[in-house]
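Just so it is clear, A, B, C, D, E and F label the chains in written order, and each chain counts residues from 1 on its own.
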Amino acid sequence: MDGLTAAEQREFQGVVEKRQMREFMQMYSNLVQRCFDDCVNDFTSKTMNAKEEGCISKCVDKWLKGSERMGQRFAEQNAAMMQGGGPLGGAR
Amino acid sequence: MSMFGFGGVNQGPTSAQKIAAAEAELEMVTDMFNRLTHSCFKKCVPREYREPDLNKGESVCLDRCVAKFFEVNVKVSEQMQNQAATRQGGTPGTGGMFGM
Amino acid sequence: MDGLTAAEQREFQGVVEKRQMREFMQMYSNLVQRCFDDCVNDFTSKTMNAKEEGCISKCVDKWLKGSERMGQRFAEQNAAMMQGGGPLGGAR
Amino acid sequence: MSMFGFGGVNQGPTSAQKIAAAEAELEMVTDMFNRLTHSCFKKCVPREYREPDLNKGESVCLDRCVAKFFEVNVKVSEQMQNQAATRQGGTPGTGGMFGM
Amino acid sequence: MDGLTAAEQREFQGVVEKRQMREFMQMYSNLVQRCFDDCVNDFTSKTMNAKEEGCISKCVDKWLKGSERMGQRFAEQNAAMMQGGGPLGGAR
Amino acid sequence: MSMFGFGGVNQGPTSAQKIAAAEAELEMVTDMFNRLTHSCFKKCVPREYREPDLNKGESVCLDRCVAKFFEVNVKVSEQMQNQAATRQGGTPGTGGMFGM
C-alpha cells in the first residue's frame, strides 16, 4: 500500500491479519457447503457411502488447488494492472 | 476455545478476548446452521409445496441430511488440517497473496 | 459457553440477543425471497392469483416446520459433538 | 418505528437509539430492494440481452414483479405474526437453540 | 425519517451517504459477476470475442435501466405502504 | 487511492482515513477474488470430481477465466464511468431513492 507511513503499515498489517482469519473461515464454510451440495444426494442412510466420501475428498483437493492457481493468476493480473495503469480505479 | 489450533487464547485472555472468541464461535455455528438449513431444505423439500406440513419422506430426509452435513464438516476439517500440516503455513488463496 | 465468569456470561447474553434479532430479520428476508422465487412466476397481472397465494402460505409453513426440525437435529448433533470430542475444532 | 411489535423504543429513546433504529430500517429496506431487483431481473429479463434497452414486455413484467414482491412481503409478515402469537415466544431455528 | 430532530437528521444523513457508497460498490461487483456469468463461457482464448463484448455492454445497460425502473416502482410502493398503513411493520 | 474519482482523500488525510481507505480497497480486491474464484471454478471444473488434481483442460480454463474476469471488470468500470458522466450525478437504484 503506497503512501502509508511505517506506523500506518504496521496498523494496516494488523487489520489484514484479522481479515485473513475471517476470510479463511468464510472460505472453509463455503467449501463445506459447495462439496456437500455437489457430492451428497442420497438420503437413504444417515452416513456417507464410499462414493460420497471419495467425491468430498476430491472436491476439497480440486478446490484448494484451483483456488491456489487462481490466486497466482490474480496476483499477476493485479500487478500488471498496477504497472500498466489500466483504468480499474478500484484496484489501485 | 482455540479453532484449528490457531491463536493461543489460553494464556490468561482478557474478558473482551474471551467474549470475542465466544461471539466468533457463535457466528461460526450460526453460519453453519444457515448453510445447512438452506442446502437440506433444497435437497429434501420439493418446490411444489402440496401441503403445509412436512410429510414422512421430507422429515426423514431432513434428519439424515443434518447428520450428513455434520459428517462432511468433520471430514473437510480433518482433510484441511492434514494438508495445512504438509503445506506448513497459511492456506492458499487468502487475502495476503494478491500482490498487495 | 464454558470458561466465562457470571459477568462475562451476562455480557455475552446481550450479544446473543442482539444477534438473534438480526438473524430473525435475515431469516424473514430469506423466506420472503425463497417463497417468492418458488411460487410467483405469472406476471400477466400485478396481484397474486389463488394458486400463488396457496403456494406462498404452504412454502412459509413448510420452511418454519423444516427449520424447527433441523434446529432440533442440529442441537442434538452439536451436543453429541461436544461430549464425543469429535475433531470439529470450530464448534467446541 | 417498532418492528413486528418488538422492542419498546417508544419510551423516550436516546438519539443514538433513534438513529440506530432508523439505520436498521434503512438496512431492511435496502436489503429488500436488493433481493427484489435480483429476483425480478432474473424472472423478467432473458439472458440473451439482444438489445441494450428494456423492451415492452420486460418493462411491464418488472412493474408487476415489484408489486407482487411487496404483496408477498405483506402476506409472509402477517402469516408469521399469526403463528408467532400461537407459538407464544421466539421463532424456532434461531441462534439460541444450538445446545449452546 | 419521522421523529428525528434536525441534528439527528444530519447525523443520519451522514450514515446514509456512507452506506450509499458501500451499496454502489456492492451493486457494481454484483453487476460484473452477473454479466460475466451470463456472457462469458468460451475459454478457448484469454480475451473476449466480439459477441461476448456486445453481450457485456447490453447486460450492463439492461441492468442499469431495469434497476432504475424498479427503483421508481419500489419508491411508489413504499410511499403507498406508508400512507395506506399496510401491516408491513418493518418498512414503516 | 481514490476510487472512480470519488472522495478527495488527497488533501492531507488523517492516518485513520488513509488506513480506512486501504482497508476499503483490500475489501474490494478480496470481494473480487471471492467472486472470481466462485464463478471460474463453476465454469471450469465439472462437478464429477473424477480425480483429486486439476487436469490440463481445467488448469488452462482457470488461467483464461481469471484474465477474462479482469477484462470484464475493466469494461464495466469504463461503461459506468461514461454513463455516470452523461447522467451527471448518482447512479440509479441506490439507497437514496426509496421514498425515504
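The definition used in the following text is that contacts are C-beta pairs under 8 Å (C-beta built on N, C-alpha and C of every residue); 3 or more make two chains touch, one makes a residue touch a chain.
Remember, predicted model here, so these are calculated numbers, not experimental data.
Undergrad: What is the minimum number of touch steps required to go from chain D to chain E?
TA: 1
Undergrad: What's the chain with its C-alpha centre farthest out from chain F?
TA: C
Undergrad: If I average the CA coordinates per chain, which chain comes out farthest from chain A?
TA: D
Undergrad: Quick one: which of E-F, C-D or A-F reuses the D-E interface, over half of the residue-numbered contact pairs in common?
TA: Match found for D-E within E-F, C-D or A-F: A-F.
Undergrad: Could you tell me the distance, in whole angstrom, between the mean C-alpha positions of chain B and chain F?
TA: 26
Undergrad: Which whole number of Å gives the spacing of the CA centres of chain A and chain B?
TA: From the centre of chain A to the centre of chain B is 15 Å.
Undergrad: At which residue positions does chain B touch at least two other chains?
TA: Each of 3, 26, 28-30, 32-33, 37-38, 44, 63, 65, 67, 73, 77, 93, 95, 98, 100 in chain B touches at least two other chains.
Undergrad: Give the residues of chain A touching no fewer than two other chains, as numbers and ranges.
TA: 1, 16, 19, 23, 25, 39, 57, 67, 70-71, 74, 78, 90
Undergrad: With touch defined as at the start, can you tell me which chain E residues reach chain F in the complex?
TA: 1, 16, 19-21, 23-25, 27-29, 31-33, 35-37, 39-41, 43, 45-48, 53, 56-57, 60, 64, 67-68, 70-72, 74-76, 78-79, 82
Undergrad: Given the complex with chain B, which residues does chain C contribute to the contact?
TA: It comes out as residues 1, 3-5, 7-8, 11-12, 15-16, 19, 23, 26, 30, 38-39, 55, 57-59, 61-63, 65-67, 69-71, 73-74, 77-78, 81, 86-92.
Undergrad: Enumerate the contact residues on chain F facing chain A in the complex.
TA: 1-5, 15, 18-19, 22-23, 25-30, 32-34, 36-38, 40-41, 44-45, 47, 49-54, 58-59, 62-63, 65-67, 70, 73-74, 77-78, 81
Undergrad: How about chain F: which of its residues touch chain E in the complex?
TA: 3, 6-7, 28, 31-32, 35, 38-39, 43-44, 60-61, 63-65, 67-69, 71-73, 75-77, 79-80, 83, 90-100
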